[in-house]
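Chain naming follows the written order as A, B, C, D and E, and within any one chain the residues start at number 1.
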Amino acid sequence: MTDVMDPARRLLLGACGLIGFFGLWAAISGSGLVAPTFLPGPLDVARRLVFLLTESFAGGTLLVHLWSSLQRFAAGYLLAAAVGVPLGLLMGRFRTLDDIVSPLFDGLRFIAPIAWVPFAALWFGTGFGGPVLIIFSGAFPPCLLNAYRGAKHVDPRYLEAAEMLGTPSGRIITEVLLPASVPSIIAGLRIGAGLGWQSLVGAELIVASTGVGYLMVQAQSAVSTTTVMVGMAAIGFIGVLIDVALRTIEARIHRRLGGA
Amino acid sequence: MPLSRRSAVGVTTLAVVALAWVLLTGVSGLVSPGRFPTPADTWAAGIQAMMRGYGDATLVVHVLQSLKLVALGFLASIAVGVPLGLLMGWSKTAEAVLNPVFMLLRPIPPLAWIPLAILWLGLGDGAKILVIFFAAFVPSVINTQVGVKTIERPVIEAARMLGTPRWRFVREVLVPGASPMIFTGLRLSLQASWTTLVAAELVGALAGLGHMLNLAQQDLYPGMILVGMVCVAIFGALTTALLGAVERRALAWKRTRGGAA
Amino acid sequence: ETLKKINISYQPSLYWALPFYIAAEKGWWKQVGLDPTFVTFPAGAPQVAAAQAGSWDVGGTGSVPAVLGAARFGLVTVGITNDESKTNAMMTRADKVEAIKKDPASLKGQKLLLTTNSTVDYAARNCLAKWGLKAGEMQFVNLGQAQIISAMMANNGDVVGVWAPHTYTLEEKAGAKVLCSGADAGAMVPGALVARPAFAKDNPEEVAKVLAVYVRGWSWAKAHPKEAREMAKRFYAAGGVEASDNAIDQEFALRPTYSLAEENRLMDRAKGASELDGWLSRIGGFMAEVGTIPASPDPKTYVDDSFMKKVAAAPKLKAFATEFDKTN
Amino acid sequence: MSSIRFDAVGKSFGGGVLTLQDINLDVADKEFVAIVGPSGCGKTTCLRMAAGFDFPTSGRVLVGNSEVTKPGPDRAVVFQQFALFPWKTVTENIELGLRNKSVARDERKARVADAVAMIGLGGYENSYPHQLSGGMQQRVAIARAYVLDPQVLLMDEPFGALDAQTRVVMQEELVRLARLNPRTVLFITHGVEEAVYLADRVAIMTRRPGRIKEIVDVKSVRIAERWDSHSRIEDVMDLESFVHLRTHIWKSLREEKAGADH
Amino acid sequence: MSSIRFDAVGKSFGGGVLTLQDINLDVADKEFVAIVGPSGCGKTTCLRMAAGFDFPTSGRVLVGNSEVTKPGPDRAVVFQQFALFPWKTVTENIELGLRNKSVARDERKARVADAVAMIGLGGYENSYPHQLSGGMQQRVAIARAYVLDPQVLLMDEPFGALDAQTRVVMQEELVRLARLNPRTVLFITHGVEEAVYLADRVAIMTRRPGRIKEIVDVKSVRIAERWDSHSRIEDVMDLESFVHLRTHIWKSLREEKAGADH
């Protein structure tokens, strides 16, 4: 594979991508082909962003909304990762556990996070639990599935070597399955972060007084598309930060192992 | 017989869950019917959906409509997601250029795409498929990308040594090499197609399981919600089983322990 | 004297929730010995569900969620918020209104974008009936209110059903006009003050206090129209809705609200079923017809006028509730 | 008691084609048996069955009187294709088995250091496998098995990737260990001389379906001819008795070749 | 013109430690050069630089007068660790290079069939690599390179996993090809005899940092002593001139050993 790219070049290329994207956006919205209520230009959104940073909308400034969303997201997402990854690895190791969990998991994961809203409301009301449940239900499947399949596809040679060395099952999981499936697990965590954010809007249908999702729902019914887009940008931005963090970890491990 | 053992355990698990449900909600009443529907409620809702219909259509119509949307959305997402993932996995330049945009776009909830989808494609199936597509192509991209990166270096070197031209290299080295992870991505894309159905069918659906779930939510009809959820779960699992069969054929070359994942 | 904690729920930026806001601004809650926490919901269904989970005690909601809550969880209706029959309306592009009114049959086979199984669905069905059309003769397309606005602006729907404040949004941003409202079709759409059954049973005094504060809010608003409009604007903005002056004016003009006396009159069962019972049973009938609930619950089982009567019976509370009433 | 016993073992990998047929072989406790045979005849498969990774289609494989059902650290394996953990350094690879046996930290470090010195990889303790040459990786795989000091050592062409010099060092080390602290060893090799030099007995396998054609007793000759009195490997290899045995095995394998299908 | 030229090549893998130092080696067009040297001395690295997978830190590697910048089918490689495509059958693995060269289907099938027969894997055409023994995999890797009929053949211990008999078959095949249709070959081996038997010249490398210590000319002896007149490999190996060369190289390597750090 191509050699490691120096960071400056990487940034430059990334900037090119973003400039191209924003340019296209500005061109489409500026061309008048699309009404500004549907696609405001990037500058409008930027202005609105600055406005929302200081002025309160739907009960708080953007930062206030972002902060409460982040708390819910962090709780749901971390729970999903903390349960999903170990469970996935365990299922990859223990057939029986796999056989027990799989039928449930393979059904439940198809149920939309927002379909849980009524039950989340019935069970948790406006508590913290409801949103966490919904974000969890979005982020959990990729965490589990990627860990599970990563573990399943580990080269059997390594398992045989570990068993030959008398490695107990717990240690096989931490020292063989886990490192061997790191790329897959990180991909799962990245996807999970995206799906978790997506579920946030559903989650904030229950606890509606704060949150970026709530802000977006309110803005949508008020036909304030710029506000909706500020919300998307905010979520996108946090998503980018999480992604960069995860990818950095992955790249570091990858480099250490001299992967392709 | 590993397969029958597997299904035996699976059936047992489902039976235990069903039994727990009956015991908790129906018989003992430990969980009040207000919090979770009883088997009787659910049965009644199921019969209603099947015979009289719910949300202006019978269950069969809902299922068929949803299957169509999921199939088209899923196919669109892999048609875009896998090639994009291959490109981003192989070319550092492409990755550097595309990844920031991709990262920025992908956490956007499907609900937020709805206005644009309506604007571009109206209230027909097209808009719904677009919404599904936006949610479903992400896992394919990421898993494919990572899958390409995990191909062992010697194998890639061997292909280059043999002078493999670009397209053949993609088809015969990158794709099969990344295929275990590509299939992980497809599984998640398929899942995302199903889970986005509820959001997609907010776009003026006349039928569909998502439509049914939306209505049931609006109506606070837990029995019907459960019927919808179970249907989605069943058909999600069935479509996954189909994908699994394709995967088993495609990964026949791979040595794994305890059968295909 | 310690203040009694109570959870009050409403939906933000909706007209009928204004009294809660006014009371908070004016500090009236303390005066009746309550310390409210406000819990808001963007839609009626999760709101009603959250009551089941004990997340709130007393609140306001639409009539459909109120009936739904009654049918599912025994939610108690304890009063009326306002009359929304003029603001649940079928709308269309301004230039088409006359043609359609002249020849309603031209709607046959067309799409009607609305939020199904809701108050506007109820209003629309009554409108169609008034024109001699069957519900099945139009194609009902279910969309959320925000989506309807998007669709209408993208010219994807000619006839839509929305409720306030979306009605004003469409008037102002998409050049739409009301074709037929619930009021036009004789479909009364009240909003409901509701209480969690367990809470109402154990704390009748507190429920009465909330009602007193609520009706006082409306009577104050009637006495101070200008101030009330400004307050409404602030209240809407806090919820993320930037309402125009025109929209605010229309809200006050189109949505009748009730004094303590009127509330008690509408709920009076001296001569059999009360007026409110009648409205709600029609709505319940509609909901049963469209399949939301198996059968319309009898309003006598869930409309409880005792709390409102309690307000009228307690001299201090009555005085508090009616302080700004002009007549009486 | 760590004998290995192949009892009428047959093995086929589905499809009905027989890979191994009626294998009967006893490796006594502390005995060193080498297997030689044409490529693809089933040597690795035999070893994997003794290790507990594959199972016979017919017959039984016993280690110390009980049937092999799963792998374990009592039977250390040096794999034909090394199977080092790519995410572990040289030290970590060698250390894992000791950690599994809960060997105390200090002793562990000492034993790993000894092993690293033995395989001549001082300075590479913290390298990852991909940073090592093929031969270096193989040496790590050997050290990983040796350091366990197991009852049974199963080695699949352990010296295949080593140059002649390094190979001699490792062979001598193996002999030294075998003298010092005899172990039951099953050893697969393509080097007939290596087999004769190291083993007590050499089993010669036939081409597919793999059968044991002949078992050559080396030990009695070694004792009778006092091979041990020679300290250098080349000196032993020059002995007439050695050459005789080597040539015998060589010929036996050659016949195998002649009777083959190509 | 497919000579290979190492021109004052130095190589270090980061960290400043020198792996290869001042390597100067010319492999003339159609010449067969073998490299021997202690494990880890940098043989594979040299070969990888000629193949275009690694690049010198200093100096240059030229193939046919132009600097190597990338791999290509003019330089077929047999990798030390096979590097077969796990998802391709034996036939598909061998066939890929021919398809890349747009060889017509019929000819391709014929050449692949020949190659499969040559490596003695008839009957395994549709097996996947994980279904083959180590030696069988190595033979597929050899066939994959041979079948390309490349100008330059780079082979990294290609016979390492083969038993003596199969190895002889493959060696003889290699010699036959070399006679029939001479190619430029760079060949890494641990077998000194193999090197002397096959190569025109044998380059001996030192322990780290790898340098070329000595280049032994075999070809002139082979011609002078008419090794070609003997058809069997063992006969050649018994010749005095052969033994002499072999012992010389052996000793040279042994010194290397003695001067080593362990």
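As a working rule, a contact is a pair of C-beta atoms (placed from the backbone, for glycine too) under 8 Å apart; a residue touches a chain by one contact, two chains touch by 3 or more.
Keep in mind it's a predicted model, so treat the numbers as computed, not measured.
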Shortest contact path, chain A to chain E, counted in steps: 2
Fewest hops from chain A to chain D - one hop per pair of touching chains: 1
Top chain pair, ranked by how many C-beta pairs fall in contact: A-B
Centroid comparison with chain D (C-alpha atoms), farthest chain: C
Whole-Å separation of chain centres (CA-atom averages), chain A against chain C: 38
Separation of chain B from chain D, taking each centre as the mean of its C-alpha atoms, in whole Å: 49
Centroid distance [mean C-alpha coordinates] between chain C and chain B, Å: 39
For chain A paired with chain B, centre-to-centre distance based on mean C-alpha positions, whole Å: 16
Per-residue multi-chain contacts in chain B, two or more chains: 34-35, 115, 119, 152, 217, 220, 254-255
In chain E, residues with contacts to at least two other chains: 81
Multi-chain contact residues (two or more partners), chain A: 35, 38, 117-118, 122-123, 217, 220, 258
All chain pairs that touch each other: A-B, A-C, A-D, B-C, B-E, D-E
Contact footprint of chain E on chain B as seen in their complex: 152, 154-155, 157-165, 168, 172-173, 176-177, 179, 252-255
Touching residues (chain side chain C, partner chain A) in the complex: 12-13, 38-43, 45-46, 49-56, 145-146, 149-150, 153-154, 166, 169, 173, 238-242
For the chain A and chain C complex, residues of the former touching the latter: 35, 37-38, 56-59, 117-118, 121-127, 205-206, 208-209, 214-215, 217-224, 227
Of all residues in chain B, those that touch chain A in their complex: 5-6, 9-11, 13-14, 17, 34-36, 90-93, 96-101, 103-112, 115-116, 119, 135, 138-139, 142-143, 145-146, 149-153, 156, 180-181, 183-184, 187-188, 191-192, 194-199, 210, 213, 216-217, 220, 222, 225, 228-230, 232-237, 240, 254-258, 260-261
Contact set on chain A toward chain D in their complex: 157-158, 160-168, 171, 175-176, 179-180, 182, 253, 256-258
